[in-house]
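Take this structure first; my questions come after.
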Amino acid sequence: MWNYSKMLQYPIKIKCPNPRLAKVIISQYGGPDGELAASLRYLSQRFGMPDQNAKAVLNDIGTEELAHLEMVGTLVKQLTDGVSPMEMEKVGLGPYYTDHGNGVYPQSAAGMPFNATALAVKGDPVADLTEDLAAEQKARATYEKLIDLCKDDPDVVNVLRYLREREIVHFQRFGEALNGVQDKLAQKKFYINK
Amino acid sequence: MWNYSKMLQYPIKIKCPNPRLAKVIISQYGGPDGELAASLRYLSQRFGMPDQNAKAVLNDIGTEELAHLEMVGTLVKQLTDGVSPMEMEKVGLGPYYTDHGNGVYPQSAAGMPFNATALAVKGDPVADLTEDLAAEQKARATYEKLIDLCKDDPDVVNVLRYLREREIVHFQRFGEALNGVQDKLAQKKFYINK
Amino acid sequence: MWNYSKMLQYPIKIKCPNPRLAKVIISQYGGPDGELAASLRYLSQRFGMPDQNAKAVLNDIGTEELAHLEMVGTLVKQLTDGVSPMEMEKVGLGPYYTDHGNGVYPQSAAGMPFNATALAVKGDPVADLTEDLAAEQKARATYEKLIDLCKDDPDVVNVLRYLREREIVHFQRFGEALNGVQDKLAQKKFYINK
Amino acid sequence: MWNYSKMLQYPIKIKCPNPRLAKVIISQYGGPDGELAASLRYLSQRFGMPDQNAKAVLNDIGTEELAHLEMVGTLVKQLTDGVSPMEMEKVGLGPYYTDHGNGVYPQSAAGMPFNATALAVKGDPVADLTEDLAAEQKARATYEKLIDLCKDDPDVVNVLRYLREREIVHFQRFGEALNGVQDKLAQKKFYINK
Amino acid sequence: MWNYSKMLQYPIKIKCPNPRLAKVIISQYGGPDGELAASLRYLSQRFGMPDQNAKAVLNDIGTEELAHLEMVGTLVKQLTDGVSPMEMEKVGLGPYYTDHGNGVYPQSAAGMPFNATALAVKGDPVADLTEDLAAEQKARATYEKLIDLCKDDPDVVNVLRYLREREIVHFQRFGEALNGVQDKLAQKKFYINK
Amino acid sequence: MWNYSKMLQYPIKIKCPNPRLAKVIISQYGGPDGELAASLRYLSQRFGMPDQNAKAVLNDIGTEELAHLEMVGTLVKQLTDGVSPMEMEKVGLGPYYTDHGNGVYPQSAAGMPFNATALAVKGDPVADLTEDLAAEQKARATYEKLIDLCKDDPDVVNVLRYLREREIVHFQRFGEALNGVQDKLAQKKFYINK
């Protein structure tokens, strides 16, 4: 179980609302390679992971991704705080405002509600951990795209950079966990069934 | 952010695997009215909730639903632990085994991956809290259906009853939060059950 | 069965096409909290509703929502009537025009085809009627958002206000139906707002 | 708008519940080629149909499909009426019972909630009417498959045969409407079967 | 099986990137009536097609649609080649850039990932071939909408016209195949346009 | 473009129909980690792949996966050839028969139509190739699950083993392609398994 601690993993203070940025950042909340997908993937995979070290890594990172989900939601919230319906519409958020107002809904930037088809749980330690490596790379790539689109707001970019760095750390940790699993399986560098 | 505490909210010790029960219980993991939907709904709605008390309730219950998600995942895991492919298939879990092995994947009992279309965030406090009342009733009803289907295994029923009771408590708390919001808004016309 | 009567429940005469408004109003045609979802929810729930009064309410309101679906479709049609492809594109309807021309397709404003995951039928009278209360609140909230976005066109706002008012009436009727069911069940513990 | 008339288009009196048949028949309620898809397709297409005769045909048949939707829902209801949870599970309806009890939910037999991706509105009279011809053929084929699966229950087969016959009539009417449209357009090159 | 031949079915040389056009053209890559849907529909239907001639037609056209899929992907690629993130965003491709960069992803213009609900395989030769006739009409209509939206770029229009023409040819071939099947079945009652 | 060659990549001759096996094998046709997902992923990613060697690998393997898609469809076809509706239903294929007869439809074993949410195109060479490594591991794991479920039919297992082996070869090739990309990028920090 989890205990809530009333602080963000990394502080967020956006000086000026900017719904244009919220429009794309929401993808890391509920998009295919976002923090919800990541957290749900890792916290689900751990049930079927026979390797105790890999299980602990999944638990840790899955829990951290919940904190990231909260950070991304906070970003979206602050960027749309007090923004009028007309300003929302001007940046292309008319459809979003229609169905979600100035709330935070788990969807991709394109408007697709979160769909767990974006993640896999295979009940196979090597497949699951390789999926996790891919997930971290996809999240990193998404943060880099977001940094491209948000580069005129240093407060936002600063948070996105932090989140991007964490994905790289997670990638390394999943790589090590996979090596550990493969060592035990005697399956050196991804080679299955020599 | 959240801290993980290595214990379940309520203990689960299934004596005999029984994949027939896992097959339906998975719906409270990733189905339309399950714990993931609940947690995601409440933790997302809180960003746009102007009422501080209602926000705190959303945060609390959203966090507790994460613990329930973990409990339901644990139930599914214990009920399928060590179950052979053929036994999985015999109870209709052949398709599940094909794509998820003996892992825990966020889907409905019918096999639909979790889809956030099942939950709403409207950025409207009365609509959001009424949605939450409905969510708790739907979760309660689902647990009652599951109790009907699992009644030959008291260990399972015991856990399902606990979870069902919590939904009723949540329903009451959301009802009080809604009353609080309505009192402030003095929008008596939206008042449920005069 | 139903007989068609060649008139709208409430007259609609839009003087000037305005595809910008059609773009968001379509969400009440095929979006998650729109009239199709409402009608389908009520007309489906009635089959499993043991309470005869609640069943009649579901039937009545489900039928009225069909009339609202027609009204919303008419709004969308009149607002895009004779609008050129380039004008459609200018307001962000290029993707819509690509796949649906100037037709009326059941989708959310964000472009998601209607998906019945947005509605629940639980075969439980209390859960179903609480779902209906939430549905009416969500529809009301959506009409309020649309009124915000359409406020420069009084012909449109007038229709949206009418539809919004009907949702409030439906909310009251479902509240009474739920009270009736609960009185019969004497299930005071599920009673909303004692 | 529509007025409800408290009778089925064709009488349904199932003598014995048989959930095994309900399990597959539900596909004509909310499946990809079912009555909901049909009704929604025709009632939506009519807004963008420039040809007045074709528009009237869409309106008529769309309204009749609503009556068929009600008939199919009634079939499902009668076939599962009073069926116990265990009997539901025995025929593979455990997942359905979990999320919908003995209610009627708009889904395919495979358990997919209704999704409007299954239907097209192109804002092009020839494309829309050809889509309708295909829809009627697909519905006919589905009824034939259902008749194969239900052949041991003459009460059910009788209703399915009636519905199947109506699809063939609709197919003819859409064919005539398409001919009418093509004659006006003098677009002989799109003419089917010279 | 298939052998790849390193040339497009029809040459594509876009002189100037124009992401505004890519934004809508992507629908023929992964949208409901696009080339992927077409190819997948025909190549899947052929397995269940008892008529040898119809099977060969499905195989031929299904293979040609793969070539069209490649052409549409090439169009999208050339129209976004080297386009900066800000230019992508300016034409409404910010969400696309966020999740797919300047890559080619199988989605509709509205941003929906490709979903096979858009196509039918009924295991019924008449239904399947009528579905194919509709598919070709819908693809034709989509190309006509795209030509409307792209008319200021003759290089693009030229390719779209070629693809549109092919759909008409396919429509004729499917019409002949359907006639062949019907002749054999002597099922005159399903005959379109006697 | 592609040329069709009228032979399977690997011969398939199933002596006895066995719909029980078809029921699960279909997941490699249209399931989340199946051959369609693989082919579509690689053939789409190649458009945005700047590295010429990686692009060629994507093209080759994407084309080979089309051949595997055909093989899996052939397996499903042969395993259900001439199987009666009742026999289909007996193994749990009643819903499948209802909507697809004895045809081959792109869905998962659980009955979900293929959805491209299962694959990613990020327009980032490292993320895309890591996604491909994961895809191959997930496909391998799925074939292993299928071999578990089909082990009583050596003809089927033989084909599944062949397909499984090809995934391992693809995994190696994608690993080498990723190494090549990383060498050029000198992004050692993303290097998997130093």
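Order as written gives the chain letters A, B, C, D, E and F; numbering starts at 1 within each chain.
As a working rule, contacts are C-beta pairs under 8 Å (C-beta built on N, C-alpha and C of every residue); 3 or more make two chains touch, one makes a residue touch a chain.
A quick note: this is a predicted structure, and the numbers were derived from the prediction, not measured.
Shared contact partners of subunit A and subunit D comprise B, C, E, F. By residue number, more than half of the contact pairs of C-E reappear in one of the listed pairs A-B, D-E or A-E, namely A-E.
The most distant chain from subunit D is A, comparing centres defined as mean Cα coordinates.
In summary, the pair subunit A and subunit B forms a contact in which both copies contribute largely the same residue numbers, shared numbers making up over half of all those used.
As a whole-number value, the distance joining the C-alpha centres of subunit B and subunit C reads 27 Å. Each chain gets one centre point, the mean of its Cα atoms, and the points for subunit B and subunit E are 41 Å apart. Between subunit A and subunit C, the centres computed from C-alpha atoms are 33 Å apart. Contact of a single residue of subunit A with at least two other chains is seen at positions 32-33, 92, 97, 99, 101, 107, 110-113, 115, 117, 120, 122-124, 141-142, 145. Pairwise chain contacts present here: A-B, A-C, A-E, A-F, B-C, B-D, B-F, C-D, C-E, D-E, D-F, E-F [touch as defined]. Within the complex formed with subunit A, the subunit B residues making contact are 1-5, 7-9, 30, 36, 40, 43-45, 47-48, 59-60, 63, 66-67, 69-70, 73-74, 76-77, 99-107, 113-117, 119-124, 128.
The part of subunit A that touches subunit F in the complex is made up of residues 32-33, 112, 115, 117-118, 120, 122-124, 126-127, 130-131, 133-135, 137-138, 140-142, 144-145, 168, 171, 175, 178-179, 189-193. Contact residues on subunit E toward subunit A in their complex (touch as defined above): 85-86, 89, 92, 94-99, 101, 107, 110-113. Remark: subunit A residues 20, 23-24, 27, 31-33, 92, 108-112, 141-142, 145-146, 148-149 touch subunit E in the complex.
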